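Look at the two complexes coming up: chain A is in both, with chain B in one and chain C in the other.
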Partner chain A sequence: MIGVEGWAGLPAVVAIRAGVILLTLVMARRAAAARWIAFGGSAAASVLSTLIALGVLVGAPPAHGVLFVHGASGYSLGFTIDPLSAWFLLVLGVLAIPVAIFSIGYLNQGSLSHRSAYVGVAFNVLVGAVELVFATDDGIGFLCAWEVMTLATAALVATEHEIREHRRAAYLYLAMSHLATGCAMAAFLTLAVASGSFAFTDMLSGDVLSSPGRDAVFVLFVIGFGVKAGIIPLHIWLPEAHPVAPSNISAMMSGVLLKAGIYGLVRFGAFGLGVPRLSWGVVIVILGGVSAVLGVLYALMQHDLKRLLAYHSIENIGIILLGLGAGMTALSMGQPQLAALGVAASLFHVLNHAVFKGLLFLSAGGVVASTGTRQIEELGGLIRRMPWTAFFFLVGAIAISGLPPLNGFASEWLTFQSLLYGFSDATETLPRLLLPVSAALLALTSALAAACFVKAFGIGFLALPRSRAAAEARESPAVMLTPQLFLAGTCLGLGLFPGAVLGVIGGVTAMLPGLLVDPVMTGGALAIAPGRGGFDRVVPLTLTLVLLGALAVAGALAWRRYMAVRPVPTWGCGGELSARTEYTGTAFSKPLMMIFQAVYRPTRQVEALADVSPYFPREVRYHAEIEPTFERYIYGPLTLGVWRMADRLKVLQAGSLHAYLAYVMVLVLGLVIFVWWSS
Partner chain B sequence: MTEGTLATIGLAILQAAGMLALAPLLRGLIKKMKATLQTRQGPPLLQVYFDLAKLLRKESVRSETASWLYVAGPRMYFATAVAATTLVPVWMAAAPLEAAGGVLALVGILALGRFFLATAALDTGSPFGGMGASREMTIAALAEPALMLGLFTVALSAGSLNLGALVRGLLDRGATFHPSDILALAGLFIVVVAETGRVPVDNPATHLELTMIHEAMVLEYAGPDLALVEWASAVKELLYLTLLADLFAPIGIATAATPVLLLQAVPIWAAKIFLLAVAVTLVESTNAKLRLFRVPDLMAVSLGLGFLALAIRFL
Partner chain C sequence: MANNILVLSAAGMLVTAYLMVGQKALFTAIRLYGAQSWLLAVVGVTIALADHRPHLFVTAALTASLKGLLIPWFLMRVVDRIGIRREVEPFLNVPASLLICLGLTVVGYRVSTGFPEGATGVAHHVIGVGLSTLLIGLFLMVTRKKAITQILALLTVENAVFLIALGITSGMPLVVELGISFDVLLAVLVLGILVHRIVDRFESMDVSRLSQLKG
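Now for the complex of A and B:
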């Protein structure tokens, strides 16, 4: 297709990455060289894999091939890049290329610089593993790649491992991930036993299991991939791990790694087990609604810029699930066109979230690198010190809030359509109730997201600097700004030409069993429509042109006196205006905290220390906290239970060699008896 | 450019200009009626026009701490309000740009304007701006699901989310009445009161810091910047009332672009807006402003009404 033959392409990518890793290790002592080799090489490999993906997406036949053959067992690790794999590879590439370039500049600072080789190697391993996750076509290869991906991520989360919080986040991530991998493995083994093969073509043919087993495997897949995707209540690792990782890695984790979970849910959960049951779709819609609303509500209470973004990832995963769930519901009711609409909305949002969340994390990374803090209460005034970074963050903020004309609007619009259009054609009572309520929840979510980003941008970037570090911040270098420019441009491009994107997604949904793409949906590059004429239609480019025209009118109306601007100090209520009299992020989100008390269950302590009279305190200490509900009520007892069980099992592992030998003996005997019995 | 495109652009400009020209009159009318109810004389009906003209001629006073975003805020707010007028059928049973977007685009565009204005309010460093922005975004977030649910109920019963097609669908259905309409209308009316910053949610007539929401947000603006904000708010108010008229009493709207039908449609539209303005005035005159933390209850009522309407309609 674009000069890259699929069968040779992926092995070439793997070879490039292996070479890059070796060279980086050789040059490990020289940080600058290691950075350029590792990330330059990674970008090159990603360009290649993205070209392969694009080739498949525009109509080339799926790329098949074999990566290596294990002689003794006869096992061969093969890959197949079909449109679904290609779509996720494209999402990976769109983010991995700018992030790699950003990393060259980002790692050139303070404590991170001497870890350039470490991060570079782990980054290449990670991106390579994700490429394999999306490309492999059998269960064993998938699980191996999945595990490498998990381990590389954990290593990257713990980049600054001398900080206790970072180690803890990495361990939490490992523990949760392995719980999930266990579930996925159990599901794979069940399917492999039933179908007699590990190849996806056999395992996922759709009719290998009958009803109760099918449900159980679906649940295993939801847990197995839900942890990686950060679905509430499986999300607890996410707000710990995303903020402590270096910002370039946070961008990858939020933009792409969560999507690996979504990939698993789509390929195995939704389309690998035959026609989904109605209850599956309902479960996914409910999980999506809960994740979206709770994700954004928790995000509102965060004052750590990267933690705030991490909670927004949960929200966006919720939105992706709403589309997917609506699609599955429609599929179970036998409406192939509606199902295609829901799945297309969710796949579109997968790409959009990768782009704007990547952009936001990169901008936040620039801020953290320049000021040394993640707390928005210590930032402020950055729009003058770091104008480009501020502008790019603003673009990302508008996109993630689902506002026209950027890309977030297009996919949230489609998700709304999949819920409402689905409603009008739904034949069962449950979805008829659930879908419009979900649409109202989605409206709440996007309005709250807008409030949250008014806070994040307004407090973090505008008005007066709230700390010395913010007052002395310096703009990021061009090597960090260019990738942000690319991502911001992509936000605009995807928003203005949603029809073109939907045309590509049409090819992906066409290959999924049971989906039928309505040609109306994918007609034209500018417009998108849910289907049947007249229900709704949107042309973001027209809206943008109208907005620009109206903006010109507004400018002209106020133009006459534009030159006569008198700059004056802001009125400080009689006192002097300083950063301490500004509105804070805590104050900004306080009304919402009080309104959603039932969710947050806030506690606060005010302590006044006074010398003479209690009316003239020397010092006031204020401590406020919202209750970590899931951590305290679900994971707390769970952890305690595991500890207790481990305590009991200690009896078995008493340190006596004789006892251990006896265990081995008993086991061997048992196995022999079992084999004798079953034959 | 084909003739059809040119005609569409012409219609869009005409409708936007008409809404821009008439919106201050609605504000003046409500002020006048309120004054009458309070047995005051009140300002002249055209006072809002005089104020706008005066503000547009004054110099701009801007905070030293503010950045370009502070300048962009009112302009974006104005632009989004004007752009939104082209998506709503006003005098004809077709919105000029209905092919470009429906209900969701309308709500999205208005949200974009609010996003910019609220962000700009934080730019001066004044605590009032922050307070206003925080409250505005809070109430907007609570109003949005109620607004959507109400709109969805009507839209789904007419079979389209596109406002032009929706109004035509309602007209085709004839004057059939459904009990859910009352619930949806009540729910949406509450939302409109909240979105336009009227009592009992907000008080447009006061600059007392403890009571204000929208006014606190735009407190720092002066001259032409303030004129744009005020004008855009007036346009939004007229737009919301027109939307209510479209959704619940589309009768009388011109079904074709003939002079006779249009000449009939404009007075009928004016009468509907007048009745709604009377309702807004009565609500504003007979209620006290709610404490900020009672507003969520009101929004919950609106959300509940919307949900009930939906349930009655479709279950």
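Now for the complex of A and C:
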């Protein structure tokens, strides 16, 4: 139908990437050529994999094939692209293509330029590994691809490794990821031993384990994939690693790599262990609610543009988990249609978040590249210097705030529906209590997210420039703006035609065991309809037209009045208006800091420097800091404990040859005696 | 007759291992290893004659020429060159070492009953001696400080494994044995050169000083 045979498609993608990597390495000395080859090739390979995914999503049979066979062990690395894999591959492709093109321009600046080949190769390895993660159909292949993905990301986080903070972030990421992979590996091995095979069809058939083994494996999966997804309290690597990576990589990390964790949770945790238990759904809903609210609360207090976006990723992962958790609770209570709604909301938000967060990181990347700073207190006035970037950032900001007509609204609204219907249909007390609370938390989250982006956009792009760098900012080149235009357009398209997207997601949820898709949900192209009653139908297009109409009326009124009013400069209390009189980000978020004092536990310091009289301060210094709760109370003691244990274990590794030989001898003696014992 | 020779030679190997534990002069230890290899060759020849396995003659010849002559000669040359003749005081003194080796022999003999072939008869002794010699070789490696003694201990372990293989399978295929023989030769060559290097660097071949390399 689209000319890409499923079985040949993925090997072709892998082959292209291998060729691109080789060619990039050959051209490594010539930065510009390496950039074009690496990222152009990556975009081409992504186009191909996206076409395969689209083919499967619109109804082609699942693509199935073998990537390579290892003769000696008889192991073959196979892949199966079923609708769930295809959906995540689509998410990957929608982001990886524009990011690759953006990278061509983004890496053409100062210190990054001579690392073009390095970033280009690692980027190809990364995207290829994520493709394999989504496509493989057995445990060994999955774990291998998963590790390659982790290592490639760590290498990219440490791109500018001469800076200490960057090395530290990469190290933290590696440490947390290995903890996670250990958990995932334990879970996989347990399932493989119980089912006698590493193939997903056997491992995930749903009846290989019974409780409490099943619960233990679920917990292992939640930890294993939760770290990658950045669920609170496993998130600490995320706000460190996202800001320090190059912005194109931040976009990939936030948009796709976190989703690899979600993919694992959906495929293995939620639908790989048989019908989920009620407690599992409840755990996921609680984790989602906590991640969403705390994520956005911490985001509000950030003054680093990319760090702020990183915390918003945690928030959005929380929203995704809320939908998934609502689906799992419904499934455990035997409501397949409602479950399909929750999972669909979650999958929809996976795509939406990838698109708008990718867009935001790319815009932020443009700002960072142009001004050289990530601190929003040093920006300002960029809307005049970088109008297009500002516009795209605004589109992303509206989308992430969940406002119609952009895509964030569609999926968040569906999540609300699944939570509220879950409440009204719940047959157990716990979800009946929990789901409405979660819905309220989600509402709070959306409102706070909007506040946060008012701050980010208002302080960053409006008013007067606060620094020389911001005043002299230059608009990004077209090669960086075009991908943003594409993503902004996708935001709008997904927002205006949610019904069409739901039609595709219907096919994905239909393949998951136990879900039943309501035909109403997947019916139209324009409307979002959970299909439970007549009143719950929303057509974003109509909303948009109404909003635009209202805007037009308001504009017309304003225009008429403008004619009658004499424009004068803003009154500056008799003084001169400068950047120093502007509202700062800290000031903007201070009321919220006071309201949520219990969460932030801020420490504030006001220091007035006066020359003559304390009533006439020359300078007032204000310093506020929020308490890093998780770092201080969970990870601090944990790290300390690990250090102490390592110190004690160091005795074993004495560096003495004889001690090591003695270990070998003890081992041999033990084995010999064991052989005798067991015979 | 054949069985008696077999058991006698195997027991002789165990005795050489004990003598090595009690020995401090490096030349004598190397000669003991040579004698042990000759005894192993005798075991091979006896099995070849008794079971009519002509390829074991080749194995025995290789053992006698390589491990009985060539390797001892090479090691003696190394010792001569670097001019260190005696092992220093080991971590454990000789009487204590001998007592521990006695314990290891008991373990070896007891464990040999665990093999289906080793429960009774001649094979019981051969495997028992083999396991005991293997453990004693490892013990030597752990307690001695000079690199040459460590090489000898490694070679003793290798002889013991060979003996066990003879006892269990009445001889492995010729190709495998050829391969192992040349592996051993190569290992000794490499280790000999390594000892030179260690002496060059540290002006001693006390391997416990290698821990100074630790960062």
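Worth pointing out:
Following the convention adopted for this analysis, the second predicted complex is superposed on the first by the 641 of 679 C-alpha atoms of A that agree within 3 Å, B and C clash if a C-alpha of one lies under 4 Å from a C-alpha of the other, contacts with A are read in each partner's own complex, and residues count from 1 in each chain.
Keep in mind that, in the parts below, contacts are C-beta pairs under 8 Å (C-beta built on N, C-alpha and C of every residue); 3 or more make two chains touch, one makes a residue touch a chain.
Everything numeric here is computed off the predicted structure, so don't read it as measured data.
Look at A:G655: by the touch rule set out above, it reaches chain C but stays clear of chain B. Once the two complexes are overlaid on the shared chain, A:L430 sits clear of chain B and of chain C alike. Judged by the touch definition given at the top, the superposed model places A:W676 against chain C, while chain B stays out of reach. When the two complexes are overlaid on their common chain A, residue A:V668 makes contact with chain C while staying clear of chain B.
Of the two partner chains placed by the overlay, only chain B lies in contact with A:A463; chain C stays clear of it. Contacts of A:I595 after superposition on the shared chain: chain B is touched, whereas chain C is not. In the superposition on chain A, no chain A position is in contact with chain B in one complex as well as with chain C in the other. The residues of chain B lying in touch with chain A in their complex are 12, 16, 56-69, 74-76, 78-80, 82-83, 86, 97, 99-105, 107-109, 111-112, 114-115, 118-119, 121-127, 129-131, 133-135, 137-138, 140-149, 152, 155-156, 159-162, 165, 220, 223-225, 227-228, 292-293, 296, 303, 306-307, 310-311, 314-315.
Taken in their complex, chain A has these residues touching chain B: 381, 383-384, 394, 398, 401-404, 409, 413, 416-417, 420, 423-424, 429, 432-433, 436-437, 439-441, 443-444, 446-448, 450-451, 453-455, 457-459, 462-464, 534-539, 542-543, 546-551, 553-555, 557-558, 560-562, 564-573, 577, 579, 581-584, 587-592, 594-595.
Here chain C touches chain A in the complex through residues 91, 104, 107-108, 110-111, 113-116, 131, 134-135, 138-139, 141-143, 145, 207-208, 210-211, 213-214, going by the rule given at the top. Of all the residues in chain A, the ones that touch chain C in their complex are 654-658, 661-662, 664-665, 668-669, 672-673, 675-677, 679.
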